Structures are given as structure tokens and as C-alpha cells.
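Before I ask anything, here is the structure I am working with.
The first chain written gets the first letter, and so on, giving A, B and C; residue counts start at 1 in each chain.
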Amino acid sequence: MYLKNFLASSVGQKFLVALTGLGLSGFVLMHMSGNMLLLVGAEAYNKYAHAMITNPLIIPAEIGLVVMFLLHMSVALKINWDNRAARGTGPGRRPSNSDKDARFASRYMVLTGVLTFVFLVLHLISFKYGTYYETELHGEKVRDLYRLVAEEFHKPLFVAWYVFAMLILFAHLAHGFSAVFQTLGLASVRNCTVKKLGWTFAAVVAGGFISQPLYFFFFN
Amino acid sequence: MLDSKIPSGSIESKWDNRKFENKLVNPANRRKHSVIVVGTGLAGGAAAASLAEMGYNVKVFTYHESPRRAHSIAAQGGINAAKSYQNDGDSVKRLFYDTIKGGDFRAREANVYRLAQVSLNIIDQCVAQGVPFAREYGGTLSNRSFGGAQVSRTFYARGQTGQQLLLGAYSALMRQVGEKAIELFPRHEMLDLVVVDGKARGIITRDLVSGEISSYSADAVILATGGYGNVFYLSTNAKASNCTAAWRAYKRGAYMANPCYTQIHPTCIPVSGEHQSKLTLMSESLRNDGRVWVPKKQGDTRRPNEIPEDERDYFLERIYPAFGNLVPRDVASRAAKRMCDEGKGVGESKLAVYLDFKTAIERLGEKEVSEKYGNLFQMYDKITDENPYKIPMRIYPAVHYVMGGLWVDYNLMSNIPGLFVLGEANFSDHGANRLGASALMQGLADGYFIAPYSIGNYIGGEKLPKLDTSHDVFKATRNDVDLRIQKMMSNKGNQSADALHRKLGKIMWDKCGMSRDEAGLKQGISDIKNTREEFWNVLKVPGNSKDLNSELEKAGRVADFMELAELMCVDALERKESCGGHFREEMQTPEGETLRDDKNFSHVAAWEFTGGNPKLHKEPLQFDVVHQAQRNYK
Amino acid sequence: MKLNLKIWRQKGPNDSGKLVDYPVDDVSPDMSFLEMLDILNLKLVHDGVEAIEFDHDCREGICGSCSLNINGNPHGPDTGTATCQLHMRRFKDGDTIVVEPWRAKAFPIIKDLTTDRKAFDRIIAAGGFVSVNTGNAVEANAILIPKHNSEKAMDAAACIGCGACVASCKNSSAMLFVSAKVAHLAYLPQGNPERKMRVRNMVAQMDEEGFGSCSNTGACEAACPKEIKLENIAMLNREMLKALCD
């Protein structure tokens, strides 16, 4: 009964965004760590990819992921819509004192979020639904994802876009991950540890992802 | 003859006796009665909330946009109560005695004793509301010392006690608004009182946003509209604080008592230039740890830190060794003025003395000093661009509070039945000088614990036929208001009311300020008359009256100040003695202290509006418990 | 000092409003910002022009009346300072200063720089109190409160309700204001019996008034003249969660 009111309130909706955001953060961290196998070699990576694709839990996990994504985005967009309506009209201007301004990352969460979504769609097209190469692994025919990745990561424009997208993701996570603590009522976003945690998390995830195309482009 | 309606019995039992004698209104009947409350400071907010909780229909009016903006919010230091938590010899009787003595034996004993009694309940009530008073590590309430007392009985919430107490009263008020027990009218200014058949039955207001004039009727009217210190233009009052509600009541027959009693607060930031719009108080609590001094040498132009210890005159400690820097406000103010008159003033204007924290910082460390007074130091720094941790503060006395106000009896009812006056707006409890941390106490005592009883007694004991605002008297009063507004709007001049207000303030400060004499007061009265005439020659109110128009608001208030100022001088002229904040040059001891004349002036001077010269009524003051002595803080 | 002021003039809630240039000279660095406006108004009245309306009262930074977006900064460029405490020594000769009212849908403009902030009162009426009738109180020292909690409560209670948090927020969110009251009473035992109802009702009222939601940007904390901390918002969120189960 209170749950319904809670979810209808602005605080409850932010809570939903935070919770799903936390789930998605977990996903990107796992995804990044797994992909670090790209730096190890073709066999290791393809083995990992195969294990993931053939795991029976992958379908429910993907459904969960999609639901989280949709919730995260739709609620965030709805909140953004409400927030726009709450604003006053008039010229309005940015504060001349930058101390009185909001941090860059926090101001553009919707923009960085939308860009990340665009990236995600393109990303799925290039890889999940990209060219199907085949290779043999211990006598079994498996998808040679490594080859696809290696090909893509040698295209300069692709790499540039990829790195750019990861910087956007960095901005999104840097604010988002620490803001989760505030929204879930765990600690203040101004708390130093929380702030550092957000930056560290974002740096690890984005740094990890960025290291992969750069490795291929320059060293492989 | 003024009947103060003081109950019978010993001083300790008077309030109990009165509560027992009071008529009651049963809970079911309270719903049928309505009360108008004007003002939402400590007194008004507390009274409105309490009456609504009891079941009365309450209408609350304030010219502010929100009840929380009332100027009680700016009180800094604290609130007194005779809790005696510090085990230092305090008691109800001692608080009573200190207050009577602090007021230079010009207050009613019975009122002050009751004030000291209910002070205990006030602290309980405020704590229950969630007021975050300062506490000790054990979780108990903390106290500090204040001027005019040798015990620690002042409760405080950093330097924002008034804010926290007001927010407490405001939250109680808003709770009743939420429960629809109170109808709230923000941005509504009371412009007249409606008196029908000799009883106060309603008010006329102007909606400050739409300009609409409306009439409201009720069974009783409470004025909790604060003081009129802004008659001096420069004071520590808020910009909008004014005398209009009280002055309208005066012109409808309510007596104005002791209008000349003005409190000049010793520790304010000095005036910096002609543009100055108001003065900022530095809490009296600073005198707990700050030491007041001037250079011993006249016209010393050295910077304060260059003046060696033995060339400094800590004059309060020297003249008043027993109380030192914690003498009452009037005493401290006059001493500072004397030093400046002797040519020992400091700063560019030479109208300032130092308030030095060097000793305190050496003793307690900068951290502890900052914990106690950090926000005040910061405020000082913002205004003067000087760091008080390094350079002593410069302070000078400024108008802060008025002890005078509408005359009320023991029940806080004025001579107009049904018109109750609470807080600073009445004259009742502080005599000729108010002690620090007593204004909050009085406002809340009146609002929470006295007015609710008195209103019940009045409504329970009177026949009050229902009155519609279409009644002839309402129409006539409303018409007067319309005419006054028309007069201001159509005035053909080219000056804002502010310009004339500044001029009036200067006259008042020079002639009816910290010290007064016969010639000056007479000159003042004639200057005020001239300024009033000039006001109506040069006043310009642009825009129109059916709109938010702050120039119109100001013009109305200044017009009333112009009239009140004269009455203040008349009262000061009439009172040929020095007492508390009223210092007549002609009447002083050889050391320059106030010299009372108890034989001829141990009375309340209550003035009646006649249209011509105001008529004086005297309410003799009786002292059965305390002995009227020469105040001694040495 | 000579300054070029650009001040928002708007006849009423339905007028579209515009910025009007007012060059002023003879500005003393010791003047407060509002004293500078006073002097401009004296001149305007002298010329028969309607004075600029702006909210102000105590002029010592405690009543919460004054507002003003000064060059986009709520309460001007200084941190921890209300407009009334801002002094002209903060500006340079020849500066252009743009003065606008608070901008938020929940704070409609009444006239010029004056806005209607009654929404805040309604939020307090919805739950920002302890329900204790006059006369009901127990002896004050019967309630022991750890010094630390009482200090925390005081930090939050210092809010002056000026609305700078809303004005600074890109979402016009009132979360800092609401959370300050929720936190003040949540730190104290007196607030305990009603704490769940309080936070639910105050948040519901806040939403109904049309304020936006919190994006944790921290602009409010930076703009707050009383430096109310963002951690209060975390506390409000926590209180909302706790209020889920009853």
C-alpha cells in the first residue's frame, strides 16, 4: 500500500533509477572484466564467449538486463520530463561563480545516458548481431568472436567512436555510481569516500573498456 | 482611572488565582467563536496555534509572504527561564527581581512575576516542539549568561535562538493551517481596527498583491505586531517593521503607554555611510567573552593592535566591577556614548568602541570561540570586511527594541474590550529597560500561556452578537482606509517615503535617542511637525494601489511614524526623570547614571488620542515585594 | 563605482517580462546589494517611475525573504551568503550585473523580482512539525538528547526557507528544503512518533506543488546561504525507505 505511493513519488522513482542503475553497473563491470580476456588471446576469449553463449541461464539473464535497461531509461526519461515541467521560464543563465554551479557530469546525465543507449544499439549490431565467423575449439565448432572484434578494433573511426562512447559512459558512471548511494539513502554524494568510489568505479570500467580497442589498434 | 485588573493574593498566587477566576468556554462552544490574530512572530504565532488547538476559529494576518519571516526570527542570543539547571542560585523570584531591577522599577510586579513563572513552561513547550537548544554531552540543556544577571539562565540555539523558537511556533501554526483550524492570510496588512459599541470586533486589511481592501469580523482581535523602533529609520528592526497596526488602534481609542521607553542596544555594527538602510546587531552574548574598551588617550589614531594593554581602558570592567561587561544594555550603551563624547571613540567616524576577543581566544582557543560565536563573527566579517579573530570588532549602540507600546491590563487586554496586545507591541513587562533574552520569553509567554486564558475569559464573559462586515461601522472604517490610500496615491510630489523617513529618523536619534533634554525634545517636536508637513508636500507614490506596490506600503507606514514620533517626544518631555532607556540629561547622578524620581514618576504614562493634544492617564505602579532602589551594577 | 544593471521587470504573473538596463553611478563598495537597489528606487520614484519590487526584510540573512539571481547565481557570487549580506565591494567598477527573480514553476512571479513561495509553507503544513499542543510538554530535561544529535538537528534546522535551493536546481527541486526539515526532526526523539507519516506527507506535498526531483547535482548545497548539507537528502531518502514498512 505504501509501496504504491512510494513508487508514485519523485523519491521512489529516483530509487528505481538508482536500483536499476546499480544492477547495470554490475553488468558493465562483469562485461568489462570478461572482455579483458581479449588481451590474453583468441583462444581464451572465444572459450569464454562460448561458455557465455551456451549457458542456459543466459536467456533469463538477458531478459533481466533488458528489463533493467528499459526501466532505467523510461523512468529516468519520465523524471526528466517532469523536471523540465518544474523549471521556470525566462532567460535564466548559468551561474558566473563556478563554485555555485552543478558538476558537469551531474548536469548531463540524460544526455550521457541517451548517448550510451545509442552506443549500446550500435554495439549490439556490430558484435552480437555482427558477422558470424566460425572457428574450432577443442574439436567443437564455436563462434569466432575474437576475429570479429579484432577486425572492428582495427578500423580507426570505429575505435575513435568506441573510445568517445566510453568517455561518455565514464561521465555517466562517475556521477551515477556515487549518486546511487545518496538516492538509496546510504551516504551523501558529497561524502569523500563515496565520491572517490564513484570516480574509481567509472575509471576502472571505462578504462578497461578503452584499453581493449587501443590494444588492438596499436599493439596487435 | 486605568484598572490594571491585577488579581488578589500574594505575588506567588496571583496567576493561579486569576486562572481560577477566569471564565471558561466549553470545547463545543469554542468552535462558534472567532479570533483575529495580526502578526505571526513569537507572540502571534504562539497565540494563534494555541487558540486553534483549543478549538477557536482563528484568522491569522501577516504582511509577510510567510509567517516564518516575522522579525522574531532575527533574535540571536537566547531566552531566559528560571529553570535553575546550573544550580547557581536561580529561582522564579530571582528572575522576577532581575527583570524588575533591569527595567529600573518601572514595570508591574504582578506581570513580571507571572512572566518568570511561565518561563519554565516555555522551555518545556519549545523542547517538545523539537527546538534544537544547545546541549551538554550528557544530553541535558545548556545555558549561558546574559546581561543584567549573575546566574546562567539563558537557553540558546547557537546565535539563532529567535529563528529556532519562531520556527517552532511557525510549525505549530502551520499544523493548524493544515488542519484547517486556522485561516492564514499572508501578504495582508492590517490598516485599521473596527470598534463596534466600544468593543474591538474586526480589522480592515489590504491584500498587498491585489491591492484589495477587505473587512473581517471576529469576537476578539489580537495584535502581536511588534515594536516601532523603525521610527528611528536606522534600527536593528527589519525593514518592514512598523507601528501602523498599533497606531491605528491608538487612533481608535487604545492607549499608548510609555512610548518614550526605547532600548538602545550597545553592540551593533556602526553606521558606515549615508546609504545605510538598517543596522545589524551583534548578539549580547558576545559580551560574555568579549571585552569592551577604548584607548585611554583622546583622539588616538593608532590601529587597535598597536595600542598596548596599559593604554587601553576597559571601561565597563573599570566602572562596574561586579557585572563588568555584562551590565544591562542601557547602562552599557550610555557608557559607550560617554566614551565617544569624551573623544575616545574609534574607527573613522569616531562613533564606535572596541569589542575585543583577544583574551577569550587566548583562554579558550580560536576553535571554541568559533563554535560559540562563529556565525556572528562571519556576519561581522561580511558586513565590515574585517576579521574579528584578528582585529577587535567595532561596535556602537543602536535602536533595538521598544519597551513602550499599547497599554494592556494584567490580562493583556487594552482599554478597548476585545483588543488584546501581545509581545513587543504591548508595554507590559520590561519597564524602562529590557534585559537581554527576555523578549523571546515575553513573546512566547504572552502567546502560549497567557492570551489563551484571557481570550477564554473575555469570550466566556461577554455577550458578543454575531456581526457582519456589512455593518455600518465596518463600512465607515473601510471608507477611512480607502481615503487614506487615495490621499497617498494622488499626492503630487517627487520623493519616495524613504527619503522623508530617513530625515525623521535623524531627528528622533538626535533629539529623542540615547539622551534627551527639554530643549532638544521641544525642538524635536517642532522639527517633526515640519517634517510631517514636508512629507505631505513632497511624497510621491508611483504605480497604482491595485497592485503590489511597496512604495505605497512604505508611505502608509512612514505617515504613521510621523505621528507616533511626536507622541514619543511628548512622553519623553513629560517624564522628567531618568530611568532605564529614558535618559534625561537634567536628571543624572554625579557619575552620570540614571536618576529616577519615584515620588512623581512611579507610574505608567498611558496616552489617549484626542485629535488635539493627547491626554495623559497615569497608572500608578505599586511595589509590594521589591524595594525601589537605585540600580547598582558596581 | 559605476555599474550597468540589467534588471528583470515584469508587471504581473501574466506579463512576459523583460530585462531593462539601469546604469547607476556613485555606488559605494560598502553598500549592500539591496542598499544599491534602494538608491536606484529612490531615483526611479523621483522620476515618477514605478519602483522595482523585490522581497527583503531583516537584511541580516536570517528571515529568508531576499532572493535574486545575480548573474545567474542565487544570492549572488559569494557562498554561504544571502543577497542582503552581499556587499558591492564584491563587484568591480564597470561591471554589468544581471538581476533576475527565482525561476521555478512552483514559485510563480508576482511582480518584477518578487516570487510567491507559499508552496514551502504548504509543505511544512503537511508534516514539518511535532504534534504537541500547548501545555502538553514534559519537563525539558526529561528528554535527553546526545549533543551530537542535537548539533546535527541544529545544522539542518538552520534552513531559512529562502528557496535558493530550488532556484539553483536545474530541476527546480525542493529536496534540500524538505530534507532539512525531515532531518532536523528525524535527529531528535521528539520527532520520532510521527517520522514515517511526516516524510511521506511532506514528499507527497512537495510533488504536488510541482517541484522537480533530485538529480544529486549538489547545486542546491552550493547556493544555500546557510550551507545546508546534501547529506540531509540522503537522510530523507533513507527515511522514505524506512517509511515503506509500517
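Here, contacts are C-beta pairs under 8 Å (C-beta built on N, C-alpha and C of every residue); 3 or more make two chains touch, one makes a residue touch a chain.
This one's a predicted model, so the numbers in the text were calculated from it and none came from an experiment.
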Innermost chain by mean C-alpha position: C
By number of C-beta contact pairs, the top two chains: B-C
Between chain A and chain B, centroid-to-centroid distance (C-alpha), Å: 62
Whole-Å gap separating chain B and chain C, where each centre is the average of the chain's CA atoms: 27
For chain A paired with chain C, centre-to-centre distance based on mean C-alpha positions, whole Å: 36
Where chain A touches two or more other chains, by residue: none
Residue list for chain C, restricted to those that touch at least two other chains: 78
Chain B - residues contacting chain C, complex: 46, 49-50, 53, 64-71, 73-74, 83, 85, 121, 123-130, 132-141, 157-158, 160, 162-164, 167, 170-172, 174-175, 177-178, 184, 186, 209, 238-240, 272-273, 275-278, 280-281, 378-379, 382-383, 385, 448-449, 452, 494-496, 498-499, 540, 542-543, 547-551
In the complex with chain A, residue positions of chain C that touch it: 8, 17, 19, 69, 71-74, 77-79, 98, 100-107, 109, 168, 170-173, 200, 203-204, 206-207, 210-219, 221-223, 229-231, 233-241, 243-246
Partner chain C, residues of chain A touching it in the complex: 2-3, 5-6, 9-15, 79, 82-83, 85-97, 99-103, 106-107, 109, 175, 178-179, 181-191
Residue ranges of chain C touching chain B (in the complex, touch as defined): 12, 28, 30-32, 34-36, 38-39, 41-42, 44-46, 48-51, 53, 55-65, 78, 80-81, 85, 87, 89, 110-111, 114, 116-118, 120-121, 124-126, 128-141, 143-147, 150-151, 153-154, 157-158, 160-161, 184-185, 188, 190-191
